[in-house]
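Pasting in a structure now, in structure tokens, and then I'll have a few things to ask.
Chain naming follows the written order as A, B, C and D, and within any one chain the residues start at number 1.
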Amino acid sequence: MAQRCALDIQNGSYVNLGIGIPERVAAYVPQGREVIYHTENGMLGMGPPPEPGTGDPELINAGKQQVTANPGAAYFHHADSFAMIRGGHLDVCVLGALQVSERGDLANWSTGAPDAIPAVGGAMDLVAGVKTVYVITQHTTRDGEPKLVESCTFPLTGLGVVDRIYTDLAVIDVVEAGFQVVELSPGVSFESVQERTGAKLIPGGTDGS
Amino acid sequence: MINKEVSSVAEAVADILDGATVMIGGFGEAGSPIELIHALIDQGATNLTVVNNNTGTGEVGLAALIKAGRVSTMVCSYPRSANSKVFPELYRSGHTALELVPQGTLAERIRAGGAGIPAFYTPTAVGTPLGEGVERRTFDDRDYLLVRGLTADVALIKGRAADRHGNVVYNKTARNFSPLMAMAAKTTIVQAASVVPIGELDPEVVVTPGIFVHRVVAVPNPGHEAELVAAGVSYP
Amino acid sequence: MAQRCALDIQNGSYVNLGIGIPERVAAYVPQGREVIYHTENGMLGMGPPPEPGTGDPELINAGKQQVTANPGAAYFHHADSFAMIRGGHLDVCVLGALQVSERGDLANWSTGAPDAIPAVGGAMDLVAGVKTVYVITQHTTRDGEPKLVESCTFPLTGLGVVDRIYTDLAVIDVVEAGFQVVELSPGVSFESVQERTGAKLIPGGTDGS
Amino acid sequence: MINKEVSSVAEAVADILDGATVMIGGFGEAGSPIELIHALIDQGATNLTVVNNNTGTGEVGLAALIKAGRVSTMVCSYPRSANSKVFPELYRSGHTALELVPQGTLAERIRAGGAGIPAFYTPTAVGTPLGEGVERRTFDDRDYLLVRGLTADVALIKGRAADRHGNVVYNKTARNFSPLMAMAAKTTIVQAASVVPIGELDPEVVVTPGIFVHRVVAVPNPGHEAELVAAGVSYP
């Protein structure tokens, strides 16, 4: 999923990768493309983790993991960092999801469980501000419940914000009419994806899907 | 002469009152002014409202302050972390309340408070539970929430270097919320790894000008939260 | 006037001096006091004009005159500069005036002449934000009209903003009840100041005025 | 590879359209991108709305653009200067309109525009002619005006040094409005006295990160407005 998503990251993009699987996208961006990674805690030009023993505990990413600074990097404070996000200066963010609705609503910050400690971080800012919002997620939950649904039942992160979803089964765009399949994973049929999806899929792939 | 340097962290935090709103710089451990927080624990002020992106880890720094029962309300965006055990307990017991604010809205509210802007509109959180009950307005066909600037009685800040005027520079991503909090607090207290002679900081690279800083204290070898937590340190 | 005003500038103050006579205050601040000058175009720690031939045309003050940077100076952009002003971080600003009302209203940016090019600069921001606003002005206009009045007739810069006025005749505070004389210039009587003032003066000086 | 450097000021401004809103950095001559402005005069775009603190001096730079009749509206705080003769004439003749904005409100409106904030409240200008007809609201017993964020099609900026990513540092008080305008424009064009190899600018001291910059052009020896005006230069 991360690898497929990486193909859609264009040269020269300013990109924010969410914690977890989205972070892996960086490893797969095709050679020859220069992409600048933003971490919302205050840096552009984020590089890979440091060699063991060379890190600085005060050079970290939004997941609080040690990282490095690429040549051309810049540090800034949180208000400037979120001005980049809210002001529409970032080209792409890649996030995980609990649910995505066919209108592009995203739920990814809370299961709404009454005893959970609510924690949102920068997710609501990212989906409200970044030009293109990609979601990477398993197509269904561990219990086989669909994560692509007509309407989200979990608390929302943003309304109508998701542009494209990369799952283990397909690449799906959120268009005016709903979920449009753009690409199926090898050996996966349109019907089997539809079965695992909680909303109607629109065929639209160039691969005949 | 202007000399904002004080001789100890204890002196720096001596006059913080019960019930104060305290902004504490840092995102995770980067920029966390651990020694100032520990001095605040020793000082004893309680019933504090604390503004920080997180709620600390282990039992040092911010987590130790919360564990000591001094924090009645946390204003933050992400009160959950791998090693954050103290806050969840006190939150569930009802001792410590939580005001959850999206990270960018939190940052901008603090900046607004420091910049004399009482309120502004933001697209973040429209249509979400955090936007419920919040005044809404449409500009150019898009909906926005009205949010208020945030100020504080005290800000505790960690810098890399400072001078006696209170000019501060930071270390890498330890900068995060600190320059904003310095603007938004009535009394801004900076612990700096080095306090350098006036004129040594290039005017082009000063991040927080001294006008926003009221006290500076040298803490030459600040502790690293992750190391302290890994070593099982518990403060006090 | 500038000299008298300078006595009221305390050690450690952050001060913005308006263009013209207010600028002269800096020359009279008593020895032993360290005062930090703010210029709203983007510097704290503004120093005196450069020695001839040593200036930088890009190191200027709000009056667009070349200045220097004292040790401990800092440069910043306009939004940060006016955050200092609007956010109440500056202790004192010293401005000129066309008129001041007994409620502390200030008019100093426009005579309201229909053919004049309106120009306001940072005056409205300064009076709205700086903790203490001092005005330095001749007591009357060149034509002998009072500049301290019951109500300003010129367009306002701010409402109820002036704290103290330094004229050639007196030092006058704006208090709840109106203009209170704090000090008379040598050889000047309360009555003669009252004659030249467009509102009732309240005696209050420690010198018997 | 990312390379935002273009080879000439003419190329840098080639696609600016008639009717565009153009933010031009600088406070007086400090930070004024004279060479980019002259290229814009040569380019021919007209009916421009220009945002700048002032209206230029003499007959070079911004004043020359105004004199050439290209500016239909000036948005500024102080359109009067010792050597400002061009604007008053075109203003009085009705050719160029004026939107007068207090300096701090102008700066903050530009920052808001760049930061995705559609509107905010400010105490500046309450009770003055510039507050008349503006929506007003009381917060905590004080009155404020509602003002809108300001964006632009293009920003023309002068830096001291830049790199191919578009990171910029400035010279002293030439910084002024430029970092804000860089944030607020769809296309930000920077002329820099030197374009340095990537990695040469310390990440701690970059003032405008490259994300806000779209084109960089080297102008090694930029003219100084005061000198040009004193020499009686008139552009073109």
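In this section, a residue touches a chain if its C-beta (ideal position, glycine included) is under 8 Å from a C-beta of that chain, and two chains touch if they have at least 3 such contacts.
Everything quoted here is computed from the prediction, not taken from an experiment.
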Would you say B-C or A-B is joined by more C-beta pairs in contact? A-B
Between subunit C and subunit D, the Cα-mean centres are separated in Å by 29
Rounded to the nearest Å, the gap separating the Cα centres of subunit B and subunit C is 35
State, to the nearest whole Å, the distance from the C-alpha centre of subunit A to the C-alpha centre of subunit C. 54
For subunit C, which residues are shared contacts with two or more other chains? 43, 69, 75-76, 79, 82-83, 85-86, 128-129
Residue numbers of subunit D (touch at least two other chains): 108, 111, 115-117, 122-123, 170, 172, 203-204
Looking only at which chains touch which, which shape fits best: line, ring, star, complete or other? other
Tell me, which pairs of chains are in touch? A-B, A-D, B-C, B-D, C-D
Residues of subunit C that touch subunit D when the two form their complex: 39-43, 56-61, 64, 69, 75-79, 81-83, 85-86, 105, 110, 115, 117-125, 128-129, 155-159
Mind pulling up the subunit D residues that touch subunit C in the complex? 27-31, 53, 77-82, 87-88, 91-92, 98, 100, 102-108, 110-111, 122-130, 170-180, 207, 224-227
Where on subunit A does subunit D make contact in their complex? 11-12, 14, 32, 34, 36, 38, 43-45, 69, 71-76, 79-80, 82-90, 128-129
Over in the complex, which subunit D residues touch subunit A? Could you list them? 1-2, 111, 113-117, 163-165, 167, 183, 198-199, 201, 203-204, 206, 209-212
Which stretch or stretches of subunit B touch subunit D in the complex? 108, 112, 115-123, 139-140, 142, 144, 148, 169-170, 172, 202-205
